[in-house]
Amino acid sequence: MLVVMKTGAPQEEVEKVHRRLEQMEVNIAKIEGAQQSVFALVGDTAKLDLESIKSNQHVEKIIRVQQPYKLASRTFHPADTVVEIGDCKIGGGNIAVIAGPCSVESEEQMVHTATLVKSYGATMLRGGAYKPRTSPYAFQGMGEDGLQLLVKAREATGLPFVTEAMGVEAFDAIEESADLIQIGARNMQNYDLLKRAGKSTKPILLKRGLSATLEEFLMSAEYILAGGNPNVILCERGIRTFDTYTRNTLDLSVIPAIKELSHLPIIVDPSHACGKWSMVEPLAKAAMAVGADGLIIEVHHNPEKALCDGAQSLKPEKFGHLMSAVQKIIAAV
Amino acid sequence: MLVVMKTGAPQEEVEKVHRRLEQMEVNIAKIEGAQQSVFALVGDTAKLDLESIKSNQHVEKIIRVQQPYKLASRTFHPADTVVEIGDCKIGGGNIAVIAGPCSVESEEQMVHTATLVKSYGATMLRGGAYKPRTSPYAFQGMGEDGLQLLVKAREATGLPFVTEAMGVEAFDAIEESADLIQIGARNMQNYDLLKRAGKSTKPILLKRGLSATLEEFLMSAEYILAGGNPNVILCERGIRTFDTYTRNTLDLSVIPAIKELSHLPIIVDPSHACGKWSMVEPLAKAAMAVGADGLIIEVHHNPEKALCDGAQSLKPEKFGHLMSAVQKIIAAV
Amino acid sequence: MLVVMKTGAPQEEVEKVHRRLEQMEVNIAKIEGAQQSVFALVGDTAKLDLESIKSNQHVEKIIRVQQPYKLASRTFHPADTVVEIGDCKIGGGNIAVIAGPCSVESEEQMVHTATLVKSYGATMLRGGAYKPRTSPYAFQGMGEDGLQLLVKAREATGLPFVTEAMGVEAFDAIEESADLIQIGARNMQNYDLLKRAGKSTKPILLKRGLSATLEEFLMSAEYILAGGNPNVILCERGIRTFDTYTRNTLDLSVIPAIKELSHLPIIVDPSHACGKWSMVEPLAKAAMAVGADGLIIEVHHNPEKALCDGAQSLKPEKFGHLMSAVQKIIAAV
Amino acid sequence: MLVVMKTGAPQEEVEKVHRRLEQMEVNIAKIEGAQQSVFALVGDTAKLDLESIKSNQHVEKIIRVQQPYKLASRTFHPADTVVEIGDCKIGGGNIAVIAGPCSVESEEQMVHTATLVKSYGATMLRGGAYKPRTSPYAFQGMGEDGLQLLVKAREATGLPFVTEAMGVEAFDAIEESADLIQIGARNMQNYDLLKRAGKSTKPILLKRGLSATLEEFLMSAEYILAGGNPNVILCERGIRTFDTYTRNTLDLSVIPAIKELSHLPIIVDPSHACGKWSMVEPLAKAAMAVGADGLIIEVHHNPEKALCDGAQSLKPEKFGHLMSAVQKIIAAV
């Protein structure tokens, strides 16, 4: 970590900062630059809080060299983490394809869709029982009844399922029934929820926030890991940019980047990223080519009647087409 | 609302969409363009969910003309909302200045700071008892003990106080003691929390999310209003852009924009927006000049010892300087 | 095109706007909404300039339904454009791989690199003779001498080459020697340059600006096409977002989007997008999987001695590895 | 400047980098961290090109401590630069208000508008003779004829004028007649144009690019200064963000930031930033409150007939209202 003093900072202020730094449990090297003094802090600086140093008006800036996360870092955990969910493995070369509707709507819908996506090669089922909706007037999900329908679809097909927990209140019920618990993009920095997930016995699917840097993304994973839950799967689902042609901008460079920085598996959600069913297949293929550990795809047996996100849902036969295209890419990679 | 068909959509598909639209409780005008058919939907379209229409592959796009919020809209509520918090009013020409430390740290700190900021003209106190921190290893706030210290500072000075609720769990305790309850930027779309806030008897300070559009911001306010709580104060605190010189980018154009779109009061948080104490005063002046209904400013009696956000905290005397500068602007406006 | 009047606009103002619109050569449908009047304009609205209508204070907004570009639009030109550059074709199923150093530095470098990239399967050579550099103190390129070295490399290998024109002044010299002329991201809206390119007999490689929407990107292509030059190849090279881990954020969803909107070929530059050589290969594979018509890759025989962009340049053998990986993806797609 | 080696970089690679750095004319301090080796480079690193070092696969990153600009930096030039344009001064406490139409359209328009804006207190005239337009089908400006009309308006009122140079070709003609030459946002990194401006005898108004960081903005100013022209005025005119309610997002925090980093004057263009005439006055007031050195405002005597940007143009009487409001803010600051 570097503490950079301002050009022309008085000698006594430089010394004052030096003395404050010496109180911390790190080694300090002072570098006298052409215009500025710089302190280099060596040691375990990940947990150091230098806010108070920054408030000195003669300090220009603080530059972090080391990553602020430890448990999520590949530096301290070189081997890929493999998360097991029933028979389904994700990470370390194991590819998972999660498919299903945006919202759980009926037993017929869930069992029918689950059967079809399994037949096309999906390894896990998705379906929202509690739905985060921009509008208070939009369908908010079936809640606990929806969970029961997911359980029925699992019983009918053997597919484990993932569903979203929007808050701490409904977490217990979801934890009891779900195989994998999703924390959505809007809740990526809902710290109460992250802490609860850290105490869960179930693996967590953590979606990247719409404007989250990689560091923030991994720090949110760190919350869960630090709480005691080692089973975290990351998910890129598009970030917010100036471009409005697609709902969000899918950031596929995040996949090789996360692979460098962290040992955690990362999957891609092309459906939410683009918001248009016609672009899901090409983006799914790109996700596999770039090295993602899996996909999560919205599939609805009748998108024109979907209560949520119909525009980005694939019909089952289109999902079948996607699966065969994706499998060719997986084979090529 | 407009439903735009794709160029070259088959006549039967255009008719199919027409029939679907006719099932909705709106009037429909069909416009035959040079290349495309367009349906114009007239009536109360705010609550219409057209996701399923969008999934028709011959529909190019849906364009919303009307705002999706109603309770937050100035169209249906032309007069400015004035929120009363004890003796302090915000909105409709009433300016509030909220000041205090980022985190509650000790009784001495809170009472001392409250007394000083009151003497310089602040009308409300701020202080975080529950702190959202990017790192799980950073100070997470004093919790309920912090609430008690805020109550003591209120007793000592008469200043009402605002503090943040990070989730539904601690909401009851905060609601009992706080005068104004903050929902932070990271929780702007934490819908469980918004629903809880909608049932609260206390006014809510809703901060804009880092990448929230104005529509999303007002839709989150709509959640609270639709829940039955009419007392919502909005707060601009900087958005996330490509620029990294300041912590966030303060978007002051949002003030006149919100004034056009909504009747709700809106204040500005220059401290979190810029992250540098040296820029707080000029941005506070600009906020007043552009028409904001108030300010929320971080003040710490000893920023170099602050447990959080010391870099952006003003010393009390600097806050005094800011207040006199700001008052000149208010007088000029 | 839609002209949306404000809620509560006086009847006489609505009529005034109506009369103004009637002066334009389009058909008008007036839609009376619940709160607002809306005029729908039908006809050839692409060239309509409605700035003056927007200045009426009772007009809320103008919504464009039709695309503002015509020559670049797939609507009016359904078949893929195929650009031919010597023996190399791009578009309509023809994949091109352009490779070479960021800057032309010496004859030995250019001929050596050209020979190697050709042996690995590249179909065109790249090399900058005129370099756009952020700093006035950085190496600005060899200029005309650099062009001569590119010509020598072409003579030695038979590979056609692309090089950048930074302005109108050096355009003639570049046009005379180059096979394909690049307009860089920073010049995407340099209209003098676009107009010059429109009069050129050589094909143009137009890179997307760092913050260009798809519409702006295609409007810049429209400038060239409208000038009389039908041979435009688009290039996605990363956009600017809040994320700083990579130099820019590669937007691969732009590929299927452009394929829907336009008939022009589009290639991908993963080197500039990420700025890190280690991420070039996975992103190149993703670009092929998502449906791009080609790649442009920085290759330097000795990146540690490169005068420019060494960090993102591949060594020739790494480029060879990339080519075999990419060819497997192409076969799979 | 810091060169950070990767965790686990082999000792011989660390030494190899050390030897490369020793060839540069700077002092080097090696810091052995807990996981990583870091080299600190001390001396005049502004002109150092470390691209080649970055290409070493064992180098994690390079962190620049010092600013890459020198002539534009306040460090080396503490006093405010004051630019004189006829009788009009900008910077160092001198406020300038530039007003006029987006495009020059007729003699009557220019002389009439110039007379009116002067009567309301404007100190300089603006008007575009060469217009950068997104669409090739939109009005492109009157060219040299427009310059003549600007000259006539100057003769009639005594107001100096600013107009935009879009490229090197028309620069001579503009330089001959204009008092201040604008380089537009889209050309902020048009280096041929910046180099030409550096050789000009006339002061330059450099607008910030839509996605330019402060460092890039100042580096573009550095191009002009390094060319020999010391008279550069910066202009903030809105940046591109995810928000679409306003045309761009006015970044007023850039004003105090630039004041810290540079000695150059900086003005604000609220008209282009918001694109809506109703928001121009509040943003102009905010710009003055935050410390800008001036304003540039679009005024048209008949916005509904303007050939360009009518939506954001003020009528002269509204400009008069703005001027009196702004003057109160200036007095208060």
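For reference, chains read A, B, C and D in written order, and residue numbers begin at 1 within each chain.
Throughout what follows, a contact is a pair of C-beta atoms (placed from the backbone, for glycine too) under 8 Å apart; a residue touches a chain by one contact, two chains touch by 3 or more.
Remember, it's a predicted structure, so these values are computed and weren't measured experimentally.
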Greatest separation from subunit B - chain, by CA centre: C
Centre-to-centre distance between subunit D and subunit A (centres being mean Cα positions), rounded to whole Å: 38
Centre-of-Cα separation between subunit D and subunit C, whole angstrom: 25
Averaged-CA centre spacing for the pair subunit D and subunit B, given as whole angstrom: 31
Two or more partner chains touched - positions in subunit B: 211, 240-242, 244, 278
Touch-based graph of the chains, sorted into line, ring, star, complete or other: complete
Subunit B-touching residues of subunit C, taken from the complex the two chains share: 2, 4, 7, 29, 31-36, 38, 40, 42-44, 63, 65-66, 75, 240-242, 244
Of all residues in subunit C, those that touch subunit A in their complex: 211, 213-215, 239, 241-246, 249-257, 260, 273-274, 278-279, 282-283, 285-291, 325, 328-329, 331-333
Interface residues, subunit D side, partner subunit C - complex: 20, 46-47, 49, 51-57, 68, 132-140, 166-169, 186-187, 189-194, 210-211, 216, 219, 222-223, 226-227, 240, 277-278, 303-313
